[in-house]
Structures are given as structure tokens and as C-alpha cells.
Amino acid sequence: MLKAPSFRASILLGCLAALFLAAPLFVGPYGLKFVTRLVVFSTLVVSLDFLLGLAGLVSFGHAAFFGVGAYAVYFVSPEAASANALLALGAAIAASAAVALAIGAFACLTRGFYFIMVTLAAGQMIFSLFHDTDIAGGSDGAYINVKPALAAFGSGLLDFDDRRTFYYVCLALLVLSVLALSLLARTPFGRVVQALKANEMRLSALGFDIYKFKLAAFAVSGAVAGLAGGLFACIDGFVTPELFSWHESGLAIMMVVLGGAGTLFGPILGALAYISLEETLKSASLVGDLVASHWRLGTGASLIVAVLLSPGGLAGFFRGAARTRKPTPARLGQAPLESRKAATLATENLTRTFGGLRAVDGVTVSFERDRVHAIIGPNGAGKTTFTNLLSGALKPSAGEVLVDGRNVAGWPAHRIARRGVGRSFQRTNIFPAFTIEDNCRLAAQATHPSVLRLANSRRAQEDTLVQHALAVVGLADRTQAIAGAISNGEQRQLEIAMLIASGGGILILDEPLAGMGPEETRRVIDLLLALKPNHTIVLIEHDMDAVFAVADTLTVLALGRVIAHGTPEEVRRDEAVIAAYLGGHAPRGARP
Amino acid sequence: MSLILVQILNGLQYGLLLFLAASGLTLVFGILGVINLAHGSFYMLGAYAALTLTARFGDIFVALAAGVPLAFLFGAAIEWLFIRHLYKRDHLQQVLVTFALILMFDEAQQTLWGNYPESIPTPSYLSSSISLTSDLGYPVYRIALMTICVLLAIAMMFVIQRTRFGRLVRAAESNPEMVEALGFDSRILFRIVFAAGVAMAAAAGILAAPVESAYPGIGDRVLITSFVVVVIGGIGSIRGAFLGSLLIGLVDAFGKVFVPKFASVLIYALMAIVLVLRPSGLFGRQ
Amino acid sequence: MNKPPLLEALGLNVCYGASHVLRGVDFRVAPGETVSVLGRNGMGKTTLLRTLMGLVAPKSGEIRLGGVSIVGWRASAIARAGVGFVPEGRGIFPNLTVEENLVFAARPGANGRRDWTREALFDLFPRLAERRGAWGDQLSGGEQQMLTIGRALMSNPSLLLVDEATEGLAPLARDDIWRTLGLIAGRGVAIVIVDKNLDDLKALCRRHVILVKGQIVFEGTADGLVAQDEFVRSQLGL
């Protein structure tokens, strides 16, 4: 989660702000232009950091939005008069947001390497569109003859032609952008965006439509980049296709990483450091002719050294020491009080094939409320595939998944989650950078998972949900611990708390006891028994003692098929089960 | 009719060159897991090496014979100096370091060879044209170029499919740790794969030099188009890179004739269509 | 133990980030000896094997193979010194054929002998001979497991590390694997095996070790396991 700058960083930012404010007083015209460029680039990299640092989406086409913003100002500027400054910047923002939506519609379908490449290619596509055709002067670029200005009641308020005025406009907009994006990061929307970076799969299992969140973050970031581009066009009054070039995108990424991604203020330091480095290496009077004439060599080498030696970026140096709290042992909280939107879950002839392999083969089962249903079977029996089919993480090849009688087969995971199906994962699946409380809050937020939630209007309700869920699993006294730093057993408890907070009536737990000691195992078994009223619990587990202690029904899968189904007593006596799975390992007393 | 024939040949020729560059890129990403933005620079350096070596030895094929081993050594050195530090880093840092490498290679190119386009002579014995139809000729050098590219492609496929080294490469693509645990030093394997990728990109640059000459920024175009090829073909897939390259070559050649101003846009549009239909490329693993 | 140890680990400590996975483990394997490593999930069994293989670097401690310290060696060097690895999840190369998977690491053993050849392994696993042209990912679980064991044997190791070789297999396929492991042990290859099937392990192994939270809490023979039945069952969660 985005943290407020540490004390040291705040001091640094304060000094920086004072420096920027006072800069026009002691620099000449060239210097003023230089700091203006610096401020505008800072706005660009801050917008990129929102996408790259907070949402974890590495956009390599960010210059496209920058360029679109610049060209938008060119297009709305009349031939021989100044455009309205609000109109010009508004056009820059609107145009780049629109282009970001269009590119994002494709890019957000992909992830990782493909996302980087698609955004890169999209940027190049816009570059060639402006470079190869005659639009706005083609490859030569075009001049904005008269820069935008703002007049009210007949008198001029702001004139972008006045360098000093324009500089302060840019500075104000930079500050505004940083504040706006920081605030956005703290809204319910922003919380989901930051969770994207950690774990997309978990988010959709909670009921969030991650595509929409990615697209929205992409558009927001693109709009702010467009604003920066619009301002950039007003510095020299000149636009050129080079603005779209992937070198610009690369430089922007470089500044973000150099300054420290995911901090929103760090990239400003990165821009400052990079641009200063470049200017220094370029000026022969400081470094000598030889270095100055080969400044890119020096820049490249410095960057490689910086990246290899300091992965955390400049902001890392100013980060306060992490607060560490001594972990307090977790304890079991009170039983759940309220009833939830519980539901029945059933499958009808459910099948999933991978190539020729039938991983799940015609499974028909039903799970009722107020019961714990265990699914057991040897590894490779199709248990995890079955779980993924129930939760929508995989689409069935055939058959039905019925939630309260409604067939949800083929629905995306987030829609199934919204109907009340919550699941935990085999490998613990939490948001490690978030606190325990924020993990749960994110889950609680899933009861209203709209993209457009900017206000914390449901805060009180969510607080209740979060506190209740944490109390139930026994983590109530550790709400501020960072989830990535707590023990494996506690992470499992947290995962169950998230399921409770998200309000699911059907809880699918995939090996919740894996890797737990006897102590923790007992605690989770008690927890499951406490949750049993008002929930439908589907438990996939290897620990036979636990399964026999807690389950009301047992379903045994082998090679994708149900080979037995019934009460633990019935299954325990089933010859086929003993042969296929329990073997010599049936709990004592159950041996034939 | 003859125009179409010529464009098909031009498209194939461009596609084959692209394949030499893109196959290295896809292997390096598929096996080493590194996004190498500097890959285009090796093509560019190949083209300039062709300039110097042809001036020295007088023949582009001698330049090829000398340049490819040099490029291999150069690639191994770059891997040792920079790339090997990136294997365990995230994509972002890989992008940054290789981007910084581009800055350095561009500077080196400008310092060594200057800022102006330089043409590289075609060997005199291949400077004629053969007639395809009664009124249409096609330069012999381009035919030779295509033949060499096809031979190199076949040689590469042979090495990957039929040799012990190719077995290692394919195995490392699916499970590099297991390759190590079976007694093969993955450091050496990775270095060879990277150096081979560099050598192939440089070979493409050298072969292309007499046709398209050497100029600054030549690497950028190849890099970005190669990435499009990799995305279309599917990461790590040599077969995908081959089909993707030919497809892009043909689309580009015909685009330049029928919609000259939108030829490059066409390529990206093609990529967008492929991604929507098959999100992990034509031959990518789902 | 009269023979000098083939493999010897002393005071082994392994950490993943903040979690301390192996805590001062002492572990010995004599030439040709079969040793089982037992314990619940998450107790450090796989980590122990991976550390011995050189895939995980220990924080402290000493590992000697035939008297030579191998701490800090790459896994490839340890493999060449005579350790074969059958990993959890099998690690078949899906884009290589059965035969290619098998001959992948063919080499004479550390003693210079070639006891295990392609022909010998096709004799041992006739099923693999039938499917020699199939791709790795077209095999059933049991066939994949045979292939993994065969692949490890092709480097003629003096020690085989086997991690969960019967997990997820049908009963008949399991029996096959156990029978094969017995055969391999009979040919003088030392085996360290992690598995959950206690009865089969008792039949195969001469010595048993139980790991709990990264420490060895029991070390002894099958008779010892029976003698301490109550304790063993509680530690293994049976």
C-alpha cells in the first residue's frame, strides 16, 4: 500500500518544493525552461508510477499519451490566436484518456511480457501514424503559433507565453497531480488497484472484475500523462512525432525506477536525478570535452550501475526503518453471530479435459448448508481442478455448476464470487504488502465491487465486517501487522478471515491445513466447526485425522471420478477407497 | 501480376531477415527469461560491422564469415558483463538495463561510424538481376541473401531438434533447474544461447547491409518488429517466430504498396488481432 | 556403520527469508544404504533433499560427498560427482521425447562405470521402450515417474535422491515404483527417499529419519519405528 512519505522523505520533499518555488528567482531564461521541463517530466513520471509502481502494470507506451496530449493542444490552437488554456489542457486530458481507453482495451487483456510488448507496439503504432502520414506536418512536426492563455471578463488571467507564469502553472499542476493520485490510491478503488500488483487471481476470486480495474487505472494514468504532454507542447510551442517515441517511454520508466517505483514522490527525484545527470554529462565545462561528447555512454553506464546496485531506487534511501512489532500469538475469537447469504452448491456431470487427459470426469455432487463437505483423493485425482471449476478459475469442458440451482458454468471467477462463493488457495494467497486489516478490508469491499467507488461511504459497515472476520479467526489483536511477515499458519487464518469478510456463504478451502503444526491444525479445525452454522463449507484436505474430525460428508475422487460419497463412516469402510487412497493409512480403528 | 510477385519476394526476404533477429530474441526470453531491448542493437552493429569488414576484406560474404564469430564472442562478453545479473531480477529491471545498453551501443556507433547512412557494396559477381518474367528482373544478391537465410534457418532448426545441444536448449526452456540438477552448468548454456542470439541478429544485419545500408536507428525498427513477431508467434517458439516473421514480412511488403502511409500501422493491427484471438500467440503455450 | 559415509551433512541450517527451515541437521548415508526421510508437510524434507543436491544454499553447515566438501558447489557439479535427483513433481521435459529425456544426462558414473544404459533401462521399464517416441507430456503419471527415475539413473549415480516418487499414482503404478526402487538399491545405489507410505518405506529402507520443524527427532531402523509406534504416529500425523 502507498505509504505516506517518511519523516526524512518529507523533509526532502519540503526542501525540493521550496527550491522549485524559488527557482524562477535565481535562474535565467534557459534555466527557467530547464526547470519547467523538469516539472513537466515529473508530472509524466508520476502518472506512470501510478500504473507501474502501484498497479504493477509495466507500460512501455506511456509516451503515446504524452504525445497525444501535446498534439491535442496543437489541434485546438487556432492558427493566429491563443486557445483557451482550460480548453487546451482539457482537450489534452480527454484525448489521452480516450486513447488510453482504446489501447488499454487490448493491453489489459494481457499480462507480464505481453503487456509490455502490447503497450510498446501501441505507442509505436501512434508514432508511425503521425510520422508516416501528413497529419500535423508529418515527421517534421508542427508549431503552435500562439500559446494558450486564459482570459476572464476581458482581462488576461494566465498567459502561457509568459515563462514565469507558465512555470508556476506547471508546478501547481504537478503538485495537484501528485495529491490527486495519492488520494485516489487511498480510495476503495485505489486499494483494489494496488492489490492488482500482488495478486490478480485472488482479486477475481473475491469478486472484483480485474479487467475493469486495470483499464480504469490505465485511463487515469494516461489522462495525467496527457496533461503533462499538453504542458510540454506549450514549453516550446512545437510538437513532433518524437514525443511518441519509445525512447521517451523508456526514459520515463527509467526515471520512475531510478526514483523508486510505487511511492508517487520518488519518481520526481528520479526525473531530477536523471535530467541533472544528463545535463551535467553534456556540459563540457564541467566534465571535459571527451565525456561531454559521449554523454550517452556515461548516462547508460551510470544507469546500469544504479539499477544493479540499488533495486529500491532513490526513494529507498529516504524510507524510514520498517516498523516491526513483536508478533503476539493469535487466539480463537468468538463464534460468528450473524447469518450470511448461504447457498447450496452442486455439480452435474462436471467435466474438464486437458488435451487428452480427463482431469475431472463427470462429477455429480451436491453440498448443502450447515455442513462441512470434505473432498479427498490422491494427488492428481483432480481435486484442485475440481476446485478451480467450482470457483470459475477454470472453465468446464462440459457439465453444470449450480449455485442455489442457477447454472454458473463458464462464468468468470468474479461473477461466481459475487454470488457468494468464496475460496482459499492451496498456496496461501494473500496480499503480502498490505496489513492484515487492509487485506480484510479489500475482501469486505468485495461486497460492493464496483470500479467507480471513490468514496469510503461504506466505511462503517466494512469496519464491522473486518473486525468481525478478524475476531472469528483470532487475528483481531494484530490488525496492523504486514501480511507478508506473519507465519504461514496465520496467513491461512487471514485467508479464511478474508472469505468471511467478503460475505461468501459457500467457502471452498483448498488444503487449509497444509504445512501446519498440530497446534495450528487444531485451531483451524475449531474455526471450521464454529463456521459450520450458516455456511456451506467445502474442504479439500490431506490430513485424514482432521478430515474425519470435521467432515459431515466425504467425497473421494480418483482419476477425476467420484469413487465414493457418503458419511465418513461409510467411506471409511469402502473397499475401493481403501485400495485407491487410504491404503494402510486409514485412521486407527478403521483398518480392515 | 509481376508487382505482386516482386512484393512476395520482398516480403519473404524481409521476413527471413526478421526471423534471424526474432529467433534469438524469442530464445533468450524463453530460456533465460530476459527481455532484451538491446537485441536490435546487435542487428545494427552487424550492419556497421559489414561496412568496416567489407571495406577491409572487399566482400560481404567474407564479412559474414568473420563477423558472425566476432558477434558470438561479443555476445558472450555482454552476457558475462551485464545480462547474467538480470536472470533473477524482474522484467522492469531487465528493461532498464538493456535500455541503458542501447544508449551505450548507439553512442559507440556514432563515435565509430558517424551519423550518416553508409552504403555497403554488393559483390560484383552478384550485382546483376535475373529475369523472373519477360519484363521483370530481380537482383541476384537478394536471391542469394534469401538462400543463406533459409540455410541458416534450417541449420538452426537442425541443431535444436536433432543435436545434443538442442536437446539441452529445449529442456532448459521448460525446466532450467532440472537441467542443472542433471549435471549441466546452466551458466554456460545460458551464455551460449545468448551469444548465439547475438550472432544470428548480427548475421541478419550483415546480410541486410548491402540491401538497406547502415544508418543510425536501424536497430530500433528491427527490435520493435521482432517483438511483434515474438508476440504473434508465441514466446519461446521458434516455429512461431518463423511463421510470424514471414507473415509480418508479407504484410509489410504489401502494405507498402497498397497503403504506403499505413504500412507500419498494419503490422501492429495484425498483432492486436492475433492477441485478441489467441492471447499467447500462434504457438505459445496456453 | 562400519563403512565411511558416502554423504555426510553436519549442522545444516537453511533459511528462506525469515523462516528457518532446517535447524542443525546431521545426516549420513553410507555407500549403498537406503534411508527414508519422514515427516509431515512443511517439515523440511524437500528442502533437505534440495540442499543436498545443491539447489538450495545452506546458511551454515557442512556437506561432504565421498569426503569432499560440496558446500557452494553448483547442482551440476554435484550431479557430476554422482548424485542423481528425482524431484517432487517429476520435472519431465515435456518438449523432449521419452528417449531424449532418457539419454539426456547419459554419462559414466563417478567410478567410471556405465551400469545403466538406455538398453538396461528399457529392460527395466519395458513400458518406456514401447513409448520411446512419445513426448514427455503425453505420458501417464506412472510412466513419467519411471522416466524420471530412469533419467536420473542414466548418469550412473552412486546416490539417488528421491522426492515423493509415488505421490498421485494409482496403486498398481506405486507398486511398480517400489519394486523398481528395490531393484536399484539391490544394485548397490544408495537411496535417500522422501515419501508418505510408511509400510513401503519400511520394506525398502534400512534406516529411517523423522524431521519435525527442521530438526531430526528420530533416527533408527524399522524395528525402532515399530518400537516407538505411538511417538512415530503422532509425529507423522497418522
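Going by the order they are written in, the chains are A, B and C; count residues from 1 in each one.
Heads up, the rule we're going with is that a contact is a pair of C-beta atoms (placed from the backbone, for glycine too) under 8 Å apart; a residue touches a chain by one contact, two chains touch by 3 or more.
Predicted, not measured: the structure shown is a model, and the values here were computed from it.
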| item | value |
| --- | --- |
| Centre-most chain [mean C-alpha coordinates] | A |
| Two chains sharing the most C-beta contacts | A-B |
| Centre-of-Cα separation between chain C and chain A, whole angstrom | 40 |
| Centroid distance [mean C-alpha coordinates] between chain C and chain B, Å | 43 |
| Length of the line joining the C-alpha centres of chain A and chain B, rounded to whole Å | 34 |
| Residue ranges of chain B in contact with chain A within the complex | 29, 35, 37, 82, 85, 89, 91-93, 95-97, 99-104, 106-108, 111, 220, 224, 227-228, 230-231, 235, 260-265, 268-269, 271-272, 275-276, 279-280 |
| Parts of chain A lying in touch with chain C, wherever the complex brings them together | 355-356, 378-381, 485, 488, 514-518, 542-543, 545, 558-559, 579-580, 583-585, 588 |
| Interface residues, chain C side, partner chain B - complex | 53, 55, 74-77, 79-80, 85, 87, 91, 93-96, 100, 104-105, 107, 151-152, 155 |
| Residue ranges of chain B in contact with chain C within the complex | 167-168, 170-171, 173-175, 177-178, 180-187 |
| Chain C residues within the chain A interface of the complex | 18-19, 41-42, 137-138, 141, 167-171, 196-199, 213, 233-234, 237-238 |
